[in-house]
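Two complexes, one shared chain (subunit A), two partners (subunit B, subunit C).
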Partner chain A sequence: MRASALISLIVVMLMLWFLVQQSWPYWQHYGLGSFVSGDWYPYESLFGLAAAIIGSFWAALIALAIAIPTGLAAAVMSSEILSGPWRNLIRGSMELLAGIPSVVYGLLGLWLLLPFLQSSLHLLTGHNLLAAGLLLSVMILPTIMVMAQDALSEVSASQRDAAASLGMGWSARLWRILLPQAWPGIRSGILLALGRALGETMAVMLVVGSMDRIPEPFYNLLSPAQTLTSRIGREIGESAFGSMHFSALMACGLLLALVTIAISLLAHMHTDSARAT
Partner chain B sequence: MSMNERNAKILTTMLALPALLPPAACLSYILFKGIPVLDWAMLIGSSQAIAFGSISTLWPQITGSILLMLGACALAAPVALGGALFYALAANIRQRQTLLGMMHLLVGIPPIVYGLCGLIVLVHVLHWGISLLTGMVILAVIILPMLLMNSVNAFDRIPGGKTEAARALGLSNGQLIRRVWLPVAWPALMTGLLLGMARALSETAPILFTATVFSGVVWPDSLFSPVTSLQTHIFYLAQEGANAEAVDIAWASAVILVILVTALSFGASALRKIRMDG
Partner chain C sequence: MKRTHYLILTLAILLFGAQAQEVSAITLHAAGSTTVLPVVSTAATVYHQQHPDVTITVSGGGSGVGIASMIQHTAEIGMASREIDEEEATKLKDKVDVLTIAKDAVAVVVSKAVYVGGVHQLSLKQIADIYRGKIKNWKALGGPDAQIFVIDKEASRGTRHVFAEAVLGDAHARAAGASVISGSNNEEQALVAHSNQAIGMLSNAWLNDAVRGIAVGEGSKAVLPDIQHVRDGSYPISRNLHVLLPKNAPDEARDFGRFLLSKQGQTIVKKSGYLSVR
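And then the complex of A and B:
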């Protein structure tokens, strides 16, 4: 039994070790300058990370900007406005949404969302960061909504009663009591959703356009772009094991792993220590 | 109900609407596109002419996905159960914190990173190549944390009185687990397993370059040969924009995949309703 626990510890350590080891030649050769350069041309040995980092950042930001307000509103509606069966219906549909495989979202994005964007915004191609962000927002919505709803429903009845007996209105109770009390859970949900958005591969890969270029100007979300995950997914198959290209892709993977590990540490910092006692 | 309150509620509902429409819309669109293409010959036919995009059987893809899923669960479930028993029986507070913390970390790491590590270690260092076994191991590691946390929760929810009564009767650890804990906790454990299976069926990125090929495999010769899978099939065919038939097959594959995953989740919800103190 102790062995099982050890296995999981060893797995994390080994994974990081192998990523560092394989990406080491890249870091040694290109150093920290690789974060500034946006040029990624494997055949000319140019491996700048900036374009993909900016792409990942924008895609995740768009997703959060849409999913946080709608997800929170859906959670509030579900736990504070609706009753029994409707609540279960919304909860069930969120679980359904969470269960759809990411490659199926990619298919939906490619053949439903892209043509729509293309015709409504008059673009040459619908492949862009906006499409990736929109698709991601649907994918991370269940995480935010379900965690927020759980957090809201855990606010104790005595607190609600106290607020009501003080004569607080519905929106005052929501803003002064419910949301602040539920905030730790909501925050964890948002962070987990962010990690999911950064790490999502298949759906993003199909709609983002896979163009290794820093958006110009940097807020141009309507031209084809690249994210860390889509770059790895597109190119890992054609890079030879041990080459600089392979090493650079491993560097992208290491970056992704470190950022998402930091995010989950933030998300679980408080809950774990309280739980295990 | 005051004016203000009503306005606030209406505003909340308006904000929530974008969250309420997509589930139904996504699902009906998938079914709308995929169902007309599906027929029985496609599901179980034995046609080996798997030419690019031509209507043919999806049977190899289905078996490939299911083999990967079963392998992953067979590898991950015992480790998860063992870890959870360690957590419940033997671990002190520090060990519990470490274990939970590790699991939360592992859950947070994107699947494609597991794919990369599998590519380095299993495909290249261990020379397993692009193979069924590689995919099984990678998927097992991916579903391990959720299985383990679910098992921990399952044992946590066993009423303390049952354990105390068993201890008072002098049951050993083994007897306690077999006679008291497993009979009470099995629905919760199975729920976790079904969700793990659904997850293993959905993951695509980590097996794309470590376990699967586009076509040419009907039944893998051994654990060390590559397979085809529904997930990766959808990915390849989705991009065949010039070939409408290929995209149709992608939709049909998506319908099959969504049905399989949803069936597993429904099974999990049904099991969740079985009360643990019964």
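And then the complex of A and C:
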């Protein structure tokens, strides 16, 4: 146990060290100003990160905005209301969703979602942040739902009995007892899902449009955009190892790694504190 | 029960034997341009039939990736649909042989609806204006009243390189009018086919009913992107298709290079829709 934990810690540290080392020329040359600039033209030595950061932010936010309510609703439904086979059906289909490779989601998005968005919203193209967010929401739904269901089922019988004996109605029981009691687990699920949404590459790359442009206005979710992951996916093959372009892509990678590590640490901290109480 | 054991044992021996044989064979990897890919991929299959001990796996990524794979030694065979630029040449230090195996045209393609709507030809200046964002509606070009869906390609793509050089004057020129970035020829083809108002760039071998190539040039001098006009040099956006072989490549890779230039290889080039060089 301890050895494997140590090994994974070493792997994470090595990975971070590699990313820092490889992106160092970039940080040294462009500094923190690169966060403000949206211009990314590798052949003109312009490597602004803003467009991709904003893109990643929006895609993840849309995904959470959809997946949290639906995931929670599915969890409540299957752990509190349905019984037996129906519960298993929902749980099983969620686990199935989680097992589908991301490139399959991407291709489905390409074939079904993009033409649908294009025709129903009268857009020039369905490639945009909304498409990426919608696709991501389906991909992170299982994480949120399964973790929430587990957390709900751990709410003790005595709590439920107490609530019932106080004559609390169903909605009061849900909002005052069940959800608050299960919240630490739900929160961990949301944070893990956020990590996945930020790190997802293949599916996003296929539908986001890969335009290195800050949306105008910045909340225009219907314009083709770029995320940190799709940029790395699109460009890593051509960038020569050791070049400034490569270094800049590694900087994108470092940023993603730091954010997702922070998120998963946060998720674990919450789970641990929840167990302690 | 015992019988199944024997069966499993026999299977295991067979499998192991097959694997042992595999070790003596050689696998080569080709990477790069998705324009060159159909030729190399078909040729690899034919070559494998003739030389069962040589397996060639083929993957895309774009010319930039093909050339980078030569610099970083991640493939034995590189594919590129553009010339090697100065910076890459410095990194390659003459360690790679460039075999020109075919020629093709980079067609300026439009969606079927645009073609049917009346846009059959454009001048280089008009195309440049579209990609720079100065012309935004097909109506201005004699087409339907629809916004132009401008498809640009990843910077690493040979097609982008050749197109931008011919149309915008610089291989890495910005295209402010672009609405979306695509990657491989397949992706580009699908984007154009799924739209009613798109313009894009695509090798002439990838044209079809939904993806129409238009003539390029002024007035009556406009030229269609076909093999004939690549051969006589009149189509303005044509190019050479290359296979790259490191000077220290295995003999099998060099032999595959010779195969591509042989009569049989060149027949595959023609069947793929490109102009043969021999």
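Keep in mind that, in the parts below, the second predicted complex is superposed on the first by the 264 of 277 C-alpha atoms of A that agree within 3 Å, B and C clash if a C-alpha of one lies under 4 Å from a C-alpha of the other, contacts with A are read in each partner's own complex, and residues count from 1 in each chain.
One rule holds in what follows: a residue touches a chain if its C-beta (ideal position, glycine included) is under 8 Å from a C-beta of that chain, and two chains touch if they have at least 3 such contacts.
No experiment lies behind these values; they were computed from the predicted model shown.
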Simultaneous placement of subunit C and subunit B on subunit A, clash or fit: clash
Which of subunit B and subunit C A:Met211 touches, first, second, both or neither: second
Touched partner set for A:Ala267, first subunit B, second subunit C, both or neither: first
Touching partner for A:Leu256 - first (subunit B), second (subunit C), both, neither: first
Between subunit B and subunit C, more extensive residue contact with subunit A: B
First, second, both or neither for A:Phe241, with subunit B first and subunit C second: both
Partner chain in contact with A:Ala162 - subunit B first, subunit C second, else both or neither: neither
Touching partner for A:Thr125 - first (subunit B), second (subunit C), both, neither: second
Clash-bearing segment of subunit C relative to subunit B, given 127-135, 145-153 or 181-189: 181-189
Set intersection of subunit A contacts, subunit C complex versus subunit B complex: 110, 237, 241
Residue ranges of subunit A in contact with subunit B within the complex: 1-5, 7-9, 11-12, 14-15, 18-19, 22, 66, 69-74, 76-78, 81, 90, 93-97, 99-108, 110-112, 138, 141, 145, 169-171, 174, 192, 195-196, 198-202, 205-206, 229, 232-233, 236-237, 241, 249-250, 253, 256-257, 260-261, 263-265, 267-268, 272-273, 275-277
Touch list for subunit B against partner subunit A, complex: 2, 4-5, 8-9, 12-20, 22-24, 26-27, 29-30, 33, 79-80, 82-83, 85-87, 89-91, 93, 95-114, 116-117, 119-121, 124, 141, 144-145, 148, 198, 201-205, 208-209, 231-232, 234-235, 238-239, 247, 250-251, 254, 257-258, 261-262, 265, 269
Footprint of subunit A on subunit C - complex, ascending: 61-62, 64-65, 68, 71-72, 91, 147, 149, 154-156, 172, 174, 178-183, 190-191, 194-195, 197
Subunit A residues within the subunit C interface of the complex: 41-44, 110, 114-115, 118, 124-125, 127, 209-211, 224, 234-235, 237-241
